[in-house]
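For clarity, chains are labelled A, B, C and D in written order, and residue numbers in each chain start from 1.
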Amino acid sequence: MLKHLKIRFLLTFLLTFVADYQLAAAQTSDDIFRVDRINALITFVLFSIAILLYIKWAKEGKPLFIRKIAGLDAVEEAVGRATEMGKPVLFIPGIQEIDDIETIAGISILGRVAKITAQYDTPLVVPVRYPMVLAAGQEVVEQAYIEMGKRDSYNRDIVRYVAGEQFAFTATVNGMMMRDRPAANIYMGAFFAESLLLAETGNAAGSIQIAGTARPEQLPFFIAACDYTLMGEELYAASAYLSHEPLMLGGLKGQDLMKVLIVVLIIVGIILMTLGFGDAFRNLFEAV
Amino acid sequence: MNFWDKLGTLDRRWIYLLVALSVIFPLIVPMSFKISITPEARQLFEAVDALPDSSVVMLTFDYYPSTVAETEPMATAALHHLFRKDCKVVTMTTIPLGGPSMAERVTRTVARKYNKVYGTDFVNLGYKANWVAVLKGMGTSIEAIYPADNSGTRLSELPLMATVKNYDDVSFIFVVADNDIVQNWVSIVNAQYGTPIGAGVTAVGAPKYYAFVGSGQLTGLLGGMKGAAEYELLADARGLAEKGMGMQSLAHLVIILMVIVGNIAFFAGRWSKKGKVK
Amino acid sequence: MSSVEIIQIWVAAFFTLAIFSFLYKDNPFYKLAEHIFAGLSAGYYVGLIWKAVIIQQLWDPMLAGSWWLVIPGILGVLMFARLWPRISWVSRIALAFVMGNTAGIFLITQLHGIVLPQMQSTMLALGGTAGFASALLAIIVVVGVISTLIYFYFSKEHTGVLGVTARVGIWFIMVSFGAHFGYTVMARISLLIGRVYFLADQWLPSFSQLF
Amino acid sequence: MRTIVPVIVAFLAGFVMIVSFFFNPERTFFGRIESEVLVWVTIVGGFTLLLGVVSITRVNWHAVRTKKEGWVYNLFTLLSIFVMAIPAMLPVSWSQLFGDTEGSIYDWLFFHVDYPMMATMFAMLAFYIASAAYRAFRARNPEATLLLVTATLVMLWRIPMGEAFLIRVGDTLLFGYNLPESINTYIMNGANLAVQRGILIGAALGAASMSLRIMLGIERTYMGKG
């Protein structure tokens, strides 16, 4: 049922866009309704329908497919290696407060890692920078240990508050890395200038390093310094894949549908422009 | 630990020393270079230069003190250019930590050189909270958002502000920023009110805004200290940025050297180990 | 240089070196500077909001007759309830008012101000406007945009045509991130130059005045 | 009641902005409402900044009172807050030291203590980048290799010395091909522009999706628990 609904959705979008062209031409300045902004209205309405529909389906538990993010295999492999070597796993859920989207994504990935370390009794260390992230982290890790039937091997200071100030936090975590020499360092969440210092020290300590952040200016450093990096939206896709949380899952699927629509429209525009009569179509997307 | 491993894990403080020397050396032996102009910097300069004299331009101080080495020379060079063209300058800021103080001090310092009069030639609106509402609100009425200027004078008492009600009375917006506010100036102000916007940004942000230059939403772009040096050259307002380029060059070469030597140590180390294992 | 200027430069130099000292190792000077910095920044906000909001946007206009501004004033004060968990729900209305307004503006500007213009400017004629170079550039941009969008597409396995496009996408992304890397290195060095310039150009000459 | 009212308020505050976008503000009364709502938002927004100040004061006051380890530093933070804030709130008519204009304590402390410290904070990163470049940035896989090669080219291109070197390489090896110009065209305005555009569209859809959920009250984490 989902399949042909999507196709019908795409067709209605294309047709209404063409209709918009005649209407926009009739715009006179003293009209109450801004007819020249009808392309924005159509985009806004269709976008809202796509997002809300998918959130509804996600809440109803409909099977919404998300491909497994390659980065998650790398995480599982790294934790596996740490288990073989009997060395700890270090996980940092970013250095932002709990209301930051990247931190929330980091915490849900922490839940997954905690399940694996619980299963194989691998030591897990999670330094955090804010009290609220400490509470959320402890809740997720405890839940994972209980689910794997390892309630007794869970202790409260797996997730520990280290320091508040950015560089003081980094200095302390670097000290932990050089002392404990963890087999795997996993950085998932919002990182800023200290990403360099953490990745470099982790490299010197000989750990496998996997990072994930949405901040474009930190990604190049993680890519160059870590063994695997989750880039931009992959971080959110990974946490939606793991948590199946309806809001995140529905939002992601709705955005994916819009991406298909955008790519289709761009290709149509390119073909028309290359053939020489694309200007009319291209003007439909004029933001006034 | 063979030679390569030792080379690969040199104590980081030696590297710090090398960087410090690469920045101090050009101070002792000044090195000057010909600075080439990128098309994006020229586009911004020409857009401002083409403005008719005494047109109103909004200059925004959207940067924190942490990036003044890159952003302040851009604001200073822009002010020289604008005041020399007798443009009326309205300055404002969306940065709560230091924004209004820096806007006040930088603008007054340059204005003194061209003996411009506050209130008729330039006005500093200062800071109001929640930049989304400020950017959107100035579309209908600047006075609604800013009942008074940065020093508390009511807008109705400032002659310049009598002629500037909202973006329709502003011919160009020159955004100097070190954060994503440029994206909001483009998507809120340029997209909805059509006012042309040019941006001077820190090098960290510059690559992202090529997408807006390409779509015509941004009229020109300055990137980092080199962008500031280019505008200083174009606007004939020699300043700090140009002097800094000598030090910039040597430090870049050191970093490039670090990447190359680091990788050689890494690969050589692995080959020699592989050699032993076989 | 007047004596006031010398004091100013020496104070600024002291705090600059105190922060730089962290490079060697964490030390009391750095901790002191860090804590003073946190305090001064908080104090700056108090001075700023007192003038820009409380006096200019509430006190003066209300005196001049706009009494209804007492409502946003009360909403603003309600915001402080967030600090005490027991009554933090009181601040929800004020928070919802600000977040809802920002969400309403963003919902429009992200679609109308970014998605539409960026889509439109990618509809390029592959033949280019003037000769081979512009055609090559148009193809690079078109392939780059579509392959990047496909790389960040999660609803289908990256196999077959989709897989190839995603692979091309990752190569484009690496070139773009390489440019980002180069620019970021440049930025950090410029900031260092700014400080070294201050120390060499203002602080050192002040020694001759003193000794 | 605790969640219904805020959800309605969030929806109305957002809905006004959407309606005034599609209807001519001058010709409808929406323009008046929109302008007033925006002014109120800037006022309420200002108080959120003071929230941070109150929590910093509380944390440091608690540390000093309980003599937590290193409480002297916390005392300095408290002193700095009041030395900066109190004079700024007093009218400049009483003394030149008050208020926030040039010559006031507020302005002096900002430009000669806060400003240099902030400018130095990120200057340290130049050192960290150099040591990371040497010890961590490895061409460990094809992608990282392409990234490092492009980065080196861009770093060379952005400095006069490097640009001269690239031009000479172009003249000797590539029959006078202008390398620097092609970096600006095909890397910055080509591949980089395309990728940034792709990421921008993706991020804009994400931000719009979050905004829709906040406005319709589906997303309420910002309101906190309870």
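The rule is short, and it goes like this: a contact is a pair of C-beta atoms (placed from the backbone, for glycine too) under 8 Å apart; a residue touches a chain by one contact, two chains touch by 3 or more.
Remember, it's a predicted structure, so these values are computed and weren't measured experimentally.
The leading chain pair by number of C-beta pairs in contact is C-D.
Among the other chains, A has the CA centre that is most remote from the centre of chain C.
In whole angstrom, the spacing between the mean C-alpha positions of chain A and chain C is 20.
Centre-to-centre spacing of chain B and chain D amounts to 14 Å, using the average Cα coordinate of each chain. If you average the CA atoms of chain A and of chain B, the two centres end up 30 Å from each other.
Of all residues in chain B, those touching 2 or more other chains are 9, 12, 16, 19, 23, 66-69, 96-98, 100, 128-130, 132-133, 136, 183, 191-192, 203-204, 207-208, 211, 214-215, 224, 226, 248, 251-252, 255, listed in ascending order. Shown for chain C are the residues in touch with two or more other chains, namely 22-23, 34, 38, 41, 44-45, 48-49, 51-53, 57, 98, 101-102, 105-108, 110-115, 117-122, 141-142, 145-146, 149, 152, 173-174, 176-181, 183-186, 189, 191-192, 194-195.
Under the contact definition stated at the top, the residues of chain D that touch 2 or more other chains are 17-18, 21, 38-39, 41-46, 48-49, 100, 110, 114-115, 118-119, 121-123, 125-129, 131, 133, 135-138, 143-144, 147-148, 151-152, 155, 158, 188-189, 192-193, 196-197, 199-202, 205, 208, 210, 212, 222. Partner chain D is touched in their complex by these residues of chain C: 8, 11-13, 15-16, 18-20, 22-23, 31-54, 57-58, 69, 71-73, 75-77, 79-80, 82-83, 85, 88-89, 92-108, 110-112, 114-115, 118-119, 121-122, 133, 136-137, 140-149, 151-152, 169-186, 188-189, 191-192, 194-195, 198. Across the complex, chain C is touched by residues 37, 39-40, 43-44, 47, 65-67, 69, 165, 167-168, 171, 216-217, 219-221, 223-224, 231-234, 237, 252-253, 256-257, 259-260, 262-263, 265-267, 269-270, 272-274, 276, 278, 281-282, 285-287 of chain A.
Per the touch definition, chain A reaches chain D in the complex via residues 30-34, 37, 40-41, 44, 47-48, 51-52, 55, 99, 101, 104, 193, 196-197, 199-200, 203-204, 216, 220-221, 223-225, 227, 232-233, 236, 247, 251, 254-255, 258-259, 262. Within the complex formed with chain B, the chain D residues making contact are 17, 21, 25, 31, 34-36, 38-39, 41-46, 48-49, 100-102, 107, 110-111, 114-115, 118-119, 121-123, 126-127, 129-131, 133-139, 148, 151-152, 155-156, 158-163, 180, 184, 188-189, 192-193, 196-197, 200.
Against chain C, in their complex, chain B makes its touches with residues 13, 16, 19, 23-24, 27, 66-70, 96-98, 100, 126-130, 132-133, 136, 147-148, 152, 183-184, 186-188, 190-192, 202-204, 206-207, 211, 214-217, 223-226, 240, 243-244, 247-248, 251-252, 255.
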